[in-house]
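Next come two complexes, and both contain chain A; in the first it sits with chain B, in the second with chain C.
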Partner chain A sequence: MEKVKKKIGSFSFWNWVTASIIFRLILIYFPKNLNLSSRPEVSTPLTSFRRLAEGYWLKQSFMSPYAGSMYHGSPLLLSLLGPLTINRIEGQPNHLLYSLVSVIADVVSAMLIRATGQNLRLAYLRSLESLDLVKQIEVSGDIAALIYLCNPFTIVACVGLSTSPIENMAVILCLYGACSRLIPLAAFGWVIATHLSLYPAILIIPVIFLLGCGPDSPPRKLFLQRHQQKEVLNQSKLPPRFSWGPVIHFAFWAFLWSVYVLVLCGISLKQFGGLWEMFKSTYGFILTVEDLSPNIGVLWYFFAEVFEFFRNFFLIVFHVNILFMILPLAIRLRHRPCYLAFVYVAICSMLKSYPSVGDSALYLGLLGWFVNELADMQFSLFLFCGYVGVSLLSPVMHNLWIWRGTGNANFYFATAMVYACLQIVLVVEGVSAMLNHDRKLRNLITGKPQDAKS
Partner chain B sequence: MVLLQRPHILLLLIDTHQFLQCWIAFGSANEEGQQQEEFSEELLVKPLPDHKLLAHFHFQSSAPPSTSNGCHHHLFPKAISQLVQKFRVKEMELSFTQGRWNYESWGGFDPISSSNAKPPGVELWAVFDVPQHHIDASWKNLTHTLSGLFCASINFLESTATYSTPEWSFPPASGNVRYGTFPCEAVCTENLTPWLRLLPCRDKAGIALLLDRPSLYRGFYHSQRLHLTSTESSSEGIDSGIILEQTLTVVLQPNSERAIEVHASEKHVQPSWSLSSIFGKQVSGRCVLAKSSSVYLLLDWGLVAELKFPNKENGKSAANGLTSENFWSNPSFELSVNPDRIFLEESSSHSKSLSILYMFQVEKYSESEPFDIGLMWKVPVAWLCQQTPLHASRFFMGSGNERGAIAISLKSTQFTEGFMSANSKDGSCELRVDVFQVVPWYVKVYFHSLRVFVDQQPRAVSDFIEKIHVSPSKDKMSPGVMEVVLKLPCRVNTAALTIEFDKGFLRIDEYPPDANQGFDIPSAIISFPNFHASMVFLEDDSLNRSPLLSKFQEKCPVMSYTEVLLVPLTTPDFSMPYNVSTIKCTVFALYFGSLLNVLQRRVAEEERFLKAKAAKKTGRLPLLLSKLSAKLRGRRREPLHSPPSSSSFINSKLVLKVILVAGLAVGWQYFFS
Partner chain C sequence: MAETKEKSLSDEKPKPRVRPIVRLGIFLISHSFHVSVVCCTAGVLALFLLPVLAKNTYISENALMPGSASPMLSNQHVSDGNRLVKDLTNPNSKSSETGIESHKIIAQYMLDLGAEVSFHKFHPQMNQFHPLHFFSSPDSGKIQENYSCSSYGINTVGIIRAPHGDGKEAIVLVTPYNALKSGFGEALSLGIAYSVFSLLTQVTWLAKDIIWLVADSQYGEYAAVAAWLREYQTPKFSSLSTPNAEMCPDVNNLFELKGHSISGSKFSNSFRRAGTMASALVLKVRDQNEQFEDTISIYAEASNGQMPNLDLINVVNYLAVHRQGLRVNVEKLWSLLNSSWLKSLGEIFESLAKVAKSLYPKWKFGIPATEYVEGTATLASSLYYQALGVPTGPHGAFRDYQVDAITLEISPKFSLDKVWRNDILLRGGRLIEGVIRSVNNLLEKFHQSFFLYLLTSPSKFVSVGVYMIAFAFLIAPLPMVAASLYVDANSSSNCSKGDSSTPSAITDTDEHSIAIRSWRWLNSAKLVFIVHLWGAIVSLLPYFISQIPDCSPTTSFMIWVLLSILSLLTLNSVLASPLACAKATQEKEWALVKSVTISSVFIGLGLMSVINFATAEIGALLMVPMCLLAQPLKLDVRAGTLRSFCRMICNLVLGHIAFPPAALFLLKGMLDGFGNANVGDFWMWVESLWAWNSATYLFIGMVQLPCWVLCISILFHTC
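Up next, the complex of A and B:
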C-alpha cells in the first residue's frame, strides 16, 4: 500500500516538474506581452537583465562595466551571461538562451532542494528513532522542490530574466554541500552566493553548524535526558558533538575559492578600475542604497524621504538590524542549522536593500523542508492570503502611481509595508513554531503533560 | 581764512596737473608701443521669410597684449579681463536665450544662425589653459564669477552632475573644454543690464541706444551672447590679449500700421519697417569711443534671387560702388536712406544668386539728425532661407513615469536635395553628422539600446555609426554624454537615432520647488563638420576693419540645436517624511521586538525549572541580599543599619563599576585625542 502511494507520489512529482518547466517555456515565448523583465518586483538594480546587457555593452566597448551607475553585479556574471544578452538565434526571441539558462538554474536548484530535503528527512527519522518516537512524516524534499518550482514568484523571476535564479542556486548549492558534507561544494556555493549578493555571507553560521554537528535534529540535551531516563548511555545514538575538523576544512576551501573568485574578477577587470571599483559599485551600492527606484522592499521610500542629515545613521541602523538577530537566533536554533539558514535567508530578503520576488521564492522553497516540524504553525492561512493579496495589489498600486499618475507613492509603499509585515509574521511564527516543536518533543520524552500553551 | 586755503588749492591743482601729465604720458607711451584697445559696434538687419525681422547687434572690444599688468584699461571691461587672467580662460562662450530658433523658416546655414542660434536658457562652454587637474576647480570658480556678473543662476553649473567634458564632437575640440547648459533659466532684463554694462557707452549712445527693453522682449527669439578669446601671451609678464565679442540676436515682428491696413488685400507683402518702428528709438550718432559704428542690411541670396535685380550679371563691377543705385532702387522695395556702401557676396556653393549687404555709416548722423533706415516693400515676395543639410528634431517616446526613449530624427531639407544633385556623379557620397547629447543622471540611458533607423528601416548600428564615444552617467556625480559620428548616404530621406532610458527617482530634497513641472534635458547639438557656413564678401579695405564681416568670413561648421525636452519624473509625497520614518521604524521595532520575544520566551514549566536551578546554584551572598532587600521593603519606616559584610560587598561592586566606567572614559578620551 505504502509502495503504491510512494509510486504515485514520485510519479506526480516528475509530472509537476515537467509541467512547471513547460509552463516556463510557454511564458518565455510571450515575453513582449508580459514585459516582466522591467517589473520592479522582478528586476532590481542588482538583478536586472537590461543592466546586465548594458554592463556587457560597456565592457565590449572597452569601458569599465561599472563606468556608469548602471551595472552593479559581478564581473563573472558578465563574462558568463553577458554574451547571452546579445547572441541570438535567427527567428527566436533574443533572450531565449538567457531564459533557458535561468530555467536550467531553477531546475537544478529544485533538484538540490529535493536532495537536501531527503537528507534532512533521513536525519529527522533517525533522530526520532533514537528518541523512540514513531511518526508518519511527509517527504519534505519533494514538497520543497515542488514549492520552489511551481511558486509563481520563482516562475516570474525566471521568465523575467533576472539574475536571482542564479543567486538562489548558489545559496542552495551551499546548503546542499553542507548537508551532504561536500565541503568544497559548500564553500564554493557560499563564496559565489556572497560574491553575487553579499547577504548570504551570514549563512556561514548555519553552514558551520551543519558541518560541525550534522543536519537538523532535536536539541542534544533531549537525547541526554532520554538516555538518563533509560540509564544507559548509548553513544552511537547520540547526535555527534561539535567537531572542528570539517569547519577548518570548510574555512580552508572558502579561502581558496574566494581567492580564486577574486583573481578571476581581477583578471576580468584588469584594464579597468580593478577590484576596488568592483567592491565599491557592488557591495558599496548594496550598503549605501543609492538607487531609490521603487521595489517591494521598504528602504527605497524611506531613504527618498528621510532627511539627508540622518541618512548615514539609518543606513547603519537598518543593516545592523540584520546582524543583531544573528546571534540570538544562532543560540536558540543551533541544533537546527538548516532551519537557521532558512530564517536568515528570510530575514535578509525582508531587510535587504533591493529585494525582489526571487528572494522570496528562495525562502518559500526552503520552507518546504520543514513541513513536518512546522505543521502547527499559526496564521498560515492568513499568511497565504496575505501573500496572494500583496502580489495582486502591489502591481495595481504601481500601475496607478507610475503609469496612470492617479495614485501616489504612498499607496505602493503601503503594499510594500504590508509585505514586510507578512514576512515578519512568517519569520516570527516560524521560529516560534519550531521552538514549540522542540518543546513538544521534550514533553513527549519526559512524559510530562503537554502545556496548554506550547 | 581765504589766504590760508589758497596754497592748498594751488597745491592740489599742481598735483592734479602732474598726475594728468603722467597719465597722458603713460597713455601716449602705450599708444606708441602697441596697438590700442578697440571697440566697434555694428547692427545687422535681415528680413526673414515669415514676415519677421532679424536684428543682430555685434559689439566687439579687444584688448591687445600689454605689459601694464592688466590693471588699466581704457575701453575694455575690467571685470572680463580680470576673469580671463584669474581663471586662465582661453576661450569662453556664454549665451542667454529665450525662445527657440526656428531653423525651418529662419535658416540654419548662414553664419548668423550657425553661431548665434542657441539653445534656450543658459549655455556656457569654456576652454582653460590650466593643467588637467585644475580645470574643474577653475570651472567652478568661473561659474560663480559669471553668476555674480550676470545676475543669473549659472552657479548651478558648478556641480559635476551638470557639466560635461566633450571629447571631440564639440567644435573647439580640445581636452580642456567644459560644457554646461541650464535650460530652465528665465532670461530677462536683469541679465541684459549687466551685459550692457560691459560696453563702453552702455546703452546711452551709439547703436546700443536701440536696445529698448519692451520691444526686445516682445520678440520671438532673443539671445544674448558673450564670446571671448584670449590670445596666447608670447612672453612672460605680458598679459594676454583678449577679444570680447558681445552679440545680441533678436527676431522681431515688425507690425507697422500700414501692414495691418493692407493685410486684407495684400496678404503676402512683407511688412515694411523702420528701425524706429521696431525699436521705438533712433540712433543719434555713434558711440564716441567706438572705432567703427555701422548698420548693415542683409538681403539673403534667396531673396535676391526673387527680387531679380536688373543687372545681376555684372554685379561685380557694381559692388565697387559705381552703379550702386541699381541695387537700392528696386521696383520691389525702397530704402529710406541711401546706403554708404554695397557689398556683394563673392561666391557661394549654391551659385544661384549672391547675397547683398547694404552698409550705413552711423558716424554721419547726430542728435539733431538721427539715423533711421526703413524698408518699404512694394510687391509681395516669398523666398526660403538656406537650411541645414538635415533638419534635426528630438522627441520622447513611450508613456508613464518609469521608462521611455529619446529619439533624434533627421529629415532631409531642400538643401540636401540640391547637394545630392550636385554630388550625384560620384556614387559614394556621404553626409557626416555629429551628434552631441548630454543627459542628466536621472535619465538613465541604456547605451546598448541605441538603434539607428534609416529611411524608417531599422538598420545595423555599425553600418552608419562611424565613431561613438560614451561616458555613462554616474548617479549624482556626472551626466551621461554621448557623442556619435553618423555617416549617412546623401540620398537619405530620414534618419533617426533612438535610445532607451529609465527614469530615476530622486531624494525628496533634490526636487526643485515645482517638481511636477518636470526636468529639462538639454538640447542635443547636431553639427555637420563637412559644411561650413561663411559669407565671403568682395575684397575691400573696409572689410578688415569690420569685425562683423570678418566674422562672417570665418569658416564655422554648420550646427543646430534640437529642442529642449521636458521629462516628467515621478514624485514622492512631499508631506510624508515624518510619517514614513515613523511607520518604517515601527515595523522594524515590531520585527525586532517580536522575534526577540519569541526567542527568549519560556513556557510555564520551563520557568519553574529555571527558577529552581537558579535557587540551587546561587550562593549565600545573593540569598542574603535578596533577604535584605525584602526586609528593607518590609520595614521601610525603620532606618536599618546594613550589615557590614553586605555593605562592603556593595561598595566593592560599586567601586568596580565606577573604575570600569572611568577606565572606559579614559580609554575613549585617549583614543579620540
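Up next, the complex of A and C:
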C-alpha cells in the first residue's frame, strides 16, 4: 500500500497511473478465472453487480426492483448502470462496459484525490510559513492518488464488478468540492454519497469545518501564541475564524440536491411503491442488518447468534457506536477537517453493516494525504504485515469453511475480527500520531525542548 | 503479533509506569536470541514427542454403532461372488480388444440382481497446469476439443434404491477394474463387491441408496473415478462432449448389443444418479502376498493433505480388528523402522516415563520403544503424504466434493485357492457390509470426529490441537526476532541523530530523516515484494515450458533455471535500482531486510499451516533456522570469534540444504540412495505436484524459494 511512496522518486506519476490502468484492463480480460465478483470480500448485498443486474431485470419486466429482497441499492444506479449489465460486445468479456466504467471511476477518484492533496499541501505550506517554520514537505497529493490506484483492494473492487468505486467517487467528490470551495459540487457529492450508502452522511461535520474555516492547519491557538511571542498581532496571518456564510450556502445546495435526487427516485419508482419502498429496502436494509451472509465485517456473525428479542437493542447499540465517536473526534480534530473525514470513513468501514474491501481502499487512499504529518506513526510495519496477512488468510479460511468443509464459520469470523482490530489500531495510532505532530509544532514554537511525548 | 506492538513502545524513552504485559513483551524482545533457541528446540522436541502424545481413537458419532448387528452375508452370497470371479477370469471373456465383454458381464450380473445399470463413458483428462485449482470450487472442467475414439474408458455403474430411503442420500462402493489386463486381485475385489451388492438388494434396513462403481482403470484409477464424479456432481448442460463420445462406433456397438441381449427395463443409456454421497469406499485386493496374515491397508490422504473424517477410519478399523480378525495397516516409512537413533530416542522416552511413573503413579504417558519407533514411522509417512498433497488413491477424487472416502486394500495371506478365496470373500464382504451398515445409520454427514489429524497407528491419532503446538513453538520466534531487529535498526539511527537534534534545529534534512525513520522499512519491503513477485513468475514459468514439445525433464529443468535467473536479473535491474543509492544512507539495511523477510515468512507459514499443515511443518523445519541465523558473512568474518564462526558454518550449510531442489535431492538420497538421483527428477516431481493441484507447489514457489533468495542476499550483503 504505502510502498508506492518511495517509488515516485524514480518513476513519474503518470507512468504509474498508466501501469495501474493497464493492469486493471489485463485483469478484466480474465473474469472467469478470477471469479472475483462472487467473493464475499468484494461484493456485499449492497455492492454486488449480480444483484444490480437482477434489479434491472425486474424493473425491465415491470416489477419492483426491490421484489424478492435481491437488490438494495439506489434506483438511480439502476437507470444509469442497469443498461450496462445487458449490453455486450461480441467477442469481449461479458461485462466489459461496466468494468470500463469502474476503471474510469477509479481514475477520476484518483485525480480528485491528487487535486485535493495539492490543495491541502498548499494550505499546509502557507500555515507553516505564517508560523515561520520552513519545511520541505512531500507531494502528498501524488502519493495519495497512487496509493489509491495501486492498492490491491481498489483493484480487486474495480475488477470484481462492485459498485464501490462509484460510491467512493461520490465521497471523494464531496471532499474535493469542500476543499476547493466549490460548494454546489460538495453538496452534490455529499447527497449522492449519502444516497448510495448512507454512512457518508456523517461527513457533513468535516465538510462544515472545511467550508467554515478552510482546510487542515495547525491549531489556531498556535498562531496566537506565535504572534504573542513576536508581540505583533498580524490579523492577516491568522487563519480565518469560523464563517457561517459558506455553511448556509452548502445547506441550501444540499437541500436542493436532495430534493432533486428524491424527485428522480420518486419518478423512477412511481409504480412500485414509491419512495417509502425505497427507504425501507435500502436504508432499512442497511440499518436492520437483514442479510446475514458472511462478509469481512463483524456484524453478520453477531446477529446470527443473538437472540431475537435482543436484536433491536443490539442494532441500536451497534449503530450508536458510530454516532458516539463523532462528537469527541470532531472536537479534538476540528482544526484538521480532512483528517477528521479520514477517521470517520475508517470508523464507518469498520462498523458498517456490509463492509467490503472497497471501503478500506477509500480510507487507505485518503491516508496518503497526511504522509507529512504521519511520518512518525508507530506500528507501520505491523499494520502493513497485518493487512497483507489478513487479506491472504481471509479467502483461505472462507475456502476451508465453504468448499472443503473442514473448517467452520468461526475460522472465517476470526479473520474478520483480526481485520477489525487492525483497523482500530490504524485509527488509534493515526489519531495519536496526528496529535503528537501538533504537539511537536507547539514545542517548536514555544521553544520547549522536545519531551518524551513527541 | 502482540510483540510487534510492544516493540515500538520500547522504542520510546522509558515511561514512569509500564504495564506488565508491555514489560513482558520488552523482555521477550530483548532476549530474543535465547527465546528463539528455546522455542525452536521445544518445537523440534514436541514433534518427536507426538507419537507419545497420540491418543487412542474412539467412535465419536453415536449413530454409527459399528458391529452391533450380526453380519448377514452368507455363503450363498459368497458363491454368487465366486461365480462372477470365475466368469471374469474365464479366458473367453477377454476376447474383445476393448474389454467390453467383461463390462457386459458385470452389467448383466447387476441387472440380474434388480439394480439399475448404466454405462458412463469418459475421456481421460490430460494433466493440466492449474496450480490455483485447489483454491477454487470444483468446476465441470474444460471441454477438450480433440477427443479421439481410441481413448475412452467405460465405467459401469449399478444403483440399488433403498426400500426405506427417500433417495436423497447414497453410499458409494468403488472397485477399480482394468478389463484389458486384469489381475486376479481385481477380479476378486469385484467378487467381494458383488457379494455385498447381492446381499444389499435383499436387506430391508437400507436407508441410503447404494452405488457400485466399477471404474475402468486402464487410464488410471483416479482418472476414472474423477471423471465419473465430475459428471455426477457438476453436470454439463452444454453436453458437447457426450455426442463426441457416442460418435465412436465401438461405444454404439456396446449399446446396441446391450439392447439386444438384455430385455431389462432397468438399463439406461443416460447418466444415472442417486442422492448426495454420505461416504465412499474404494476396495482393492492385492495380487502379491508378502504378509504373514490377512491384512488390510487403509489409504486416506486426499489432495492437499485433506483427510476423511476420523470416524470412517475408526469404523473400518474397529470392524476389521474386532469382528473379522484382519490386521489393519497404514502406510509407514519403512526406512525409519530400522534406524537406531530413533530406537534410542524411544528408549529415552520410555525410561523417562518410568521415572515419572515412579515419582507419581498416575503419570502414565510412556509407550514401549518399539511402539514408539513404529508410531514415528507411521507419523512420518502420514506427514510426508499429506505434505506432498497428492492423493494416495482414487478416494482422493471424492474429497474434492466433500465426500469422506478411503481406500481399503486387502492383502490375503495364502495363495488363492478355493477355500482361501471363499474365506477372503466372506471376511472382506462382511467388513464392507458392516461399514455400509454403520454409514447407513448416519443421520447427517460425518461431522462429529476430526478432519485434521495425523495417524500414528490405525488406532492412534494426533489431533490438530496437539500437533499445532509443535508448529507454534517452531514459528513463535519469528515475530519476536523480526520485532527486535526492527527496533535495533530503528534505535541505532535514533542514537546517531537523536542527540544532535536540538529542537530549534529541525531543518529540512532532519525532517527528512524522521520521515525515513518511521517508514524506512519500505525499502526493504520493496525488495521483499520484488523477490516474491519473482517467485510468482518462477511458479508460472513451467506452464510455458511444458508447452515446448519433446523436451526431456533435464532440458526443461535447465530452461527453467535459466529463465528464472534471467527474470531475477531483469526484475532487479528494472525495479530495484533505487535500492543501490538508498543503501549508502542506511547502515543497518540488512537488519531491516531480515526483519521484513522474517515477517513475510511468518505470514507464509501461517497461511500454509491452514491450507496444508504438513507442508508448513516441513517447510518450517527448513526455513525457520535459516531465517533466524542469516547474517552477513562479512560481519562474521570480521568478528572472528568462535560463535560467529559456528554461525557462518550453519548459515552456509543451511543455505545449501534449504534450496528446494537440493532439499528434494537429499530427501530422495536418504530414501532410495544417492546413486540414481538425477537433475531431471526435480522437474518430474514438480510436474506431478502441479498436475495434482498441490498447494505445496505454490508454497515452494512463492514462500520457500523467495525466502531462500532473500536469505542468500543477506548472507552476501556488503555492509
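Keep in mind that, in the parts below, the second predicted complex is superposed on the first by the 443 of 454 C-alpha atoms of A that agree within 3 Å, B and C clash if a C-alpha of one lies under 4 Å from a C-alpha of the other, contacts with A are read in each partner's own complex, and residues count from 1 in each chain.
The rule we apply is simple: a contact is a pair of C-beta atoms (placed from the backbone, for glycine too) under 8 Å apart; a residue touches a chain by one contact, two chains touch by 3 or more.
Note that this is a predicted model, so its numbers are computed, not measured.
With chain A as the common reference, the superposed partners chain B and chain C fit together side by side.
Look at A:V388: by the touch rule set out above, it reaches chain C but stays clear of chain B.
Of the two partner chains, chain B and chain C are each touched by A:G405. Within the superposed three-chain model, A:V396 lies in touch with chain C and out of touch with chain B [touch as defined at top]. Once chain A of one complex is fitted onto chain A of the other, the partner contacts of A:N35 are limited to chain C, with no touch recorded for chain B.
When the two structures are aligned on the shared chain, A:S380 is found in touch with chain C, with no touch to chain B. Applying the stated contact rule after C-alpha superposition, one finds that A:L329 touches chain B and leaves chain C untouched.
Panel annotation: after superposition on the shared chain A, the angle at the CA centre of chain A between chain B and chain C (CA centres) reads 60 degrees, nearest 10.
The larger set of touched chain A residues comes from B, when the choice is between chain B and chain C.
Residue contacts after overlaying the shared chain place A:M111 against neither chain B nor chain C. Contacts of A:L256 after superposition: neither chain B nor chain C is touched. The minimum CA-CA separation between chain B and chain C in the overlaid arrangement is 5 Å, rounded to the whole angstrom. On chain A, the patch touched by chain B and the patch touched by chain C overlap at residues 403, 405, 448. The part of chain C that touches chain A in the complex is made up of residues 1, 4-5, 8, 11-13, 15, 135-138, 306, 402, 451-452, 486, 502-504, 506, 508, 511-512, 514-515, 517-519, 521-523, 525-526, 529, 577-578, 582, 595-596, 599-600, 602-603, 606-607, 610-611.
Residues 2-3, 5-7, 9-10, 35, 134-138, 371-372, 375-382, 384-386, 388-389, 392-393, 395-397, 399-400, 403-406, 411, 425, 443-444, 447-450, 452 of chain A touch chain C in their complex.
Chain B makes touch with chain A in their complex at residues 399-403, 441, 444, 446-449, 468, 470-477, 480, 502, 504-509, 570-573, 576-577, 580-581, 583-584, 587-588, 590-592, 594-596, 598-601, 603-606. Listed in rising order, the residues of chain A touching chain B in the complex are 38, 40, 50, 53-54, 56-58, 61, 63, 67-70, 290-294, 298, 300-308, 317-318, 321, 324-325, 328-329, 331-332, 350, 401-403, 405, 408-410, 413, 417, 420-421, 424, 427-428, 431-432, 435, 439, 448, 451, 453-454.
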